[in-house]
Structures are given as C-alpha cells and as structure tokens.
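See the structures that follow.
You will see two complexes here that share chain A, one where it goes with chain B and one where it goes with chain C.
Presenting the complex of A and B:
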C-alpha cells in the first residue's frame, strides 16, 4: 500500500509518499511522479514516511527522474532510514538530487 | 522486444565472423543468471530488496527459459536471498547462452552454422541475418556511458550485465571506458541483482586464486 498526496507550497509541488514502494505500488508511484514533473518545474518528493523501497520502487523513482531531465527540478527529500539505506547502497546520491529537508 | 539475456548474448556475437565471444566462463555465466533474474524483475514476476528476492507472480511469461527459472523459484520458498538464488541457478544452469542463441536464431536475428574443424572439432557460428538489434544494443550502451543523462532502466541493467561479462570493450574503446569508469561503476551498482552478481564473481575469482596458489 502506498498513499500519495500532492500540494503546492511556494513555488514547489510537494509530493508526499507514505507506505511501501514495491512491485505492487511501483506503477502508481512512477505515474504520480511523472505527472508531477510534467506539470511543474519544481517538484520535491517527501520520503520521510516511506518505510520500504524495493528494486521495483527504485526503478520507478529512476524512471521519474529520467522523465524530469531537462524540464523539471526533481528533488528527493527527508529520506526515511529505510529509504536512505537503499539509496546509499545503490549510490543513488550520484544520480538523483537528494536533500535532507524539504525546500519549503 | 528481446530479453535481457538475449541482448547480452547478442552483444557477445562478433558481427564480422559470427563467432560468440565466449560468455561461458564462470564469471560471465553468473551475469547471464543475473540477466534472467532481471528479465523476471522487469516482467514483474520477482522483486528484490537489499538482500532478499521474492516471487510476486508465478504465472508463466511465455518465454521457456524465464518460465523454467520462475517455476523453480516458486517451488523453493525456503531460498530467500539474492545471493542464494544466484548460486542455485548457477549450479542448475542449462546453457543459458545456448538457449538465447537459439531464440535469436528463431527470431531471424542470427543464423546458425555448424561445421567441423579438422573433421573433429565442432565449430558453431552465428552470423548476423539482421544487424539492427545488435547496433541498437550498442547504441543504447554507448549513450548510457558517454552522456550524463539518467538512462532507461533497461539500459542501466544492460550496462551492468555487459560490464560483468566483459563485453563493453566491444562497444567503446579502452580510452573511452577508462574515461567513463566512474560512470560505469555508478550505474552498475544501482541494482541489487547487479551488486550480488558482482559479489559472486569476486568470490569466485578469490576462490580460484586460492585454489591456484595451493596447486602452485
């Protein structure tokens, strides 16, 4: 299960994720993030309440980041311990924009 | 669309001679096992986390090689880690390279020529019938390595497997690969399966070195 909410704060679109990013939720996750980056020049993804991310979830994140290239500033923020562990292991900090806190 | 396994094996075919630059060495065989797992992952049949691998949908994909592996995985819920499954499939592999070559031949990408050298030694060659799929694979790899863009997931996986099989030298020059080695390393470690395949290859290399030292 994954809950996704979106809101606009200042000039950022903030996408908040809660729950598990896995094979069951990966399609929806990718779709939501793609939709956000296609419509907004600045997107911050709040990952503090994501308690599990599998390889399928990671691929969804990567595909969204790929879609954002060139036309949207996509930042992954406030990583939960579970997400941070996987991101560190995968070296995602070399590929994605990661921030300790939300920009707004 | 070709499977990951087929794309890696196709990359190993010399476009001029039809010879297969061998992926049969142990290290590369691990990477072929990894390719099958990636095919299953992209088909949403399995998923992985940092250590574990799980079957999420055991219904067949329609590809005999993938379905054989998937059925075996579904029948062994006691094996949970990616590393354990890599070892399990490595021991049970039935010539993944051969199955991929047959599939590429059936698809009309390659042609199979069988001959005898000195009337004794079997020689198999696979000349290109259609060189576009291999060119496409090489182009995707070159783009993934030479640009700083985030590549498509399939291309990240393909790059990690081609690297583990020692096949990137057939795509770019040594100088280009040397200049981009950090990029290759970064992309190759993103996926759990790639990391575990690399660990398996390193462990194998280490055990071979130890065995050789004892022999000497």
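Presenting the complex of A and C:
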C-alpha cells in the first residue's frame, strides 16, 4: 500500500509518499514521480512516512531521477530511518539530491 | 508457533499450468525443526501476506522492527527474483520459506523451483558509480548479501535452496 499526494507550495511541487515502496507499488510510484518532474521544474519528495523500501522502490526513484535530468530539480527529503538505511546500502546518497528537510 | 500446511506437488516452475489454490501448508521439516513456514504462489500480491507472516513471526519471537524490516526486504528481493526471472510467475507454490529464531540469530531458508540461480555468483553492482553508469538491476541481491550472513546456496532436488542468517543484536 502506498499513498501519494501532490501539491504546490511556493515554487515547489511537493510529492508526499506514505506506506511501502515495494514491488507492488513501484510502478505507480515511478509514474507519479515522472509526471511530477515532467510538469514541474522543482520537485521535492517527502519520504518521512515511507516505512519500507525495496530495490523495486529504488529503481522507481532512479528512473524518476533519470527523467528529471536536465529539466527538473528533484530532491528527496526527510528520509525515514528505513529509507536512509536502504539508500545508504545502495549508494543512492552519492547520486541523488538528498535534503534533511523539505524546502518549504 | 503455528504451523501451516502445504502440499508438495513436485512441480517445477515453467512447466505445468496449475491454478493457484491459495493454499498454504506444512512442509516436511528438514533442517529447521521449529518456526514459521510459508508457501507463496508466484504473484506479486503474495508480498502482503508475506509481510503479515513476517510481522507475526517477529512479534512472536520478540524481534524488533529492524529485524522485521530486514527479513521483509530480503524475502521480497528473493521472491521477486523467483517470479520475474526464475520462471515461477503465476505458478502455485512457487517458493517456500522457513524462519526460526535461535539465540541471537534468525535462520532463514528460502527455496524455489525456478531455473538454477546462485545469488552468490551474481555480479556486485557498483554502488559508487556515477549516475549515468548506474544499472537498474542487481540491487536486490546486493541488499540480500549486505543484510544476511552465512549465505549458502545449493541446487538440489530441482530446487534452488538458500540458507542464511540475520543476527538479531542491533546492527
């Protein structure tokens, strides 16, 4: 189960995720993130309420970052402990823009 | 611990066309005498049931959220490989899992009837590579190897058989 909400705050599009980023939810996650980066120049993903992520979720995130390259600023914010652990094990912190807090 | 019953059909993935009975059952014990036993059909939807079983196992054995998270992650990665790459998609009884808490360790046994695949032979992804060179594949098995210790593989009786352990002290 994953809940995704999107809203515009100041000049950022904020995508808030809640729940599990796993093989069941990865396709939808990728779709949501892609559509956000295609339509908005600045996208912040709030990961505070993501309590589980597997490699399928990582793939969705990577694909979205790829889609954002060159035309959208995509930041991953407020990582939960679970997400941080999996990001660290996979070296995501070297290639994604990660922020401790949401920009707005 | 509750035990569950599953019929051992002897069928190999990629052959046959069994419907999914949604059944689960007890499996003849071999290396692990007690603990939970789970049989999964080859559909992604089984992940939810797997997560519930892992949660129950952890609660019953006083294991913390960190252990539960790691077990879920490792089992998802292995199971998704089984159904996406092992030829076990939509097969009944595609994978079987046993877990047992023993001292400061959870012993895990994972078996499937898919094509032969030794995760210990899988190439390690380069997790320091720059973005442009990142490959989407290989991360799942990488996570399994990062989290679990004493990972052993053998191919026997037409099955991939993996045993491994997760230390339960904080890590």
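One rule holds for everything that comes next: the second predicted complex is superposed on the first by the 104 of 104 C-alpha atoms of A that agree within 3 Å, B and C clash if a C-alpha of one lies under 4 Å from a C-alpha of the other, contacts with A are read in each partner's own complex, and residues count from 1 in each chain.
The working rule: a contact is a pair of C-beta atoms (placed from the backbone, for glycine too) under 8 Å apart; a residue touches a chain by one contact, two chains touch by 3 or more.
Computed from a predicted structure; not experimentally measured.
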Taking chain A as the common reference for superposition, should the pair chain B and chain C be classed as clashing or as fitting?
-> clash
Would you check which partner chain A:99 touches, where first means chain B only, second means chain C only, and both and neither mean what they say?
-> neither
Should A:28 be classified as contacting the first partner (chain B), the second (chain C), both, or neither?
-> neither
Answer with first, second, both or neither: which of chain B and chain C does A:52 touch in the superposed model?
-> both
Please work out whether A:71 is in contact with chain B alone, chain C alone, both, or neither, and reply first, second, both or neither.
-> neither
Touching partner for A:9 - first (chain B), second (chain C), both, neither = neither
Check the residue A:62 against both partner chains and state whether it touches chain B (first), chain C (second), both, or neither.
-> both
Which of the two partners, first being chain B and second being chain C, lies in contact with A:86: first, second, both, or neither?
-> both
Now that the structures are stacked on chain A, which of 4-12, 112-120 or 184-192 shows chain B clashing with chain C?
-> 184-192
What part of chain A is shared between its chain B contacts and its chain C contacts?
-> 22-24, 52, 54-56, 58-59, 62-63, 65-66, 69, 85-86, 89-91, 94-95
Touching residues on chain C, where the partner in the complex is chain A = 44-45, 47-48, 51, 69, 72-73, 76-77, 80, 127-131, 134, 136, 139-140, 142-143, 146-147
Give every residue of chain A touching chain C within the complex, in rising order.
-> 20, 22-24, 52, 54-56, 58-59, 62-63, 65-66, 69, 82, 85-86, 89-91, 94-95
Which residues of chain A touch chain B in their complex?
-> 22-24, 52-56, 58-59, 62-63, 65-66, 69, 85-86, 89-92, 94-95
Please give the residue numbers of chain B that touch chain A in the complex, ascending.
-> 41, 44, 47-50, 56, 149-153, 156, 186, 189-193, 195
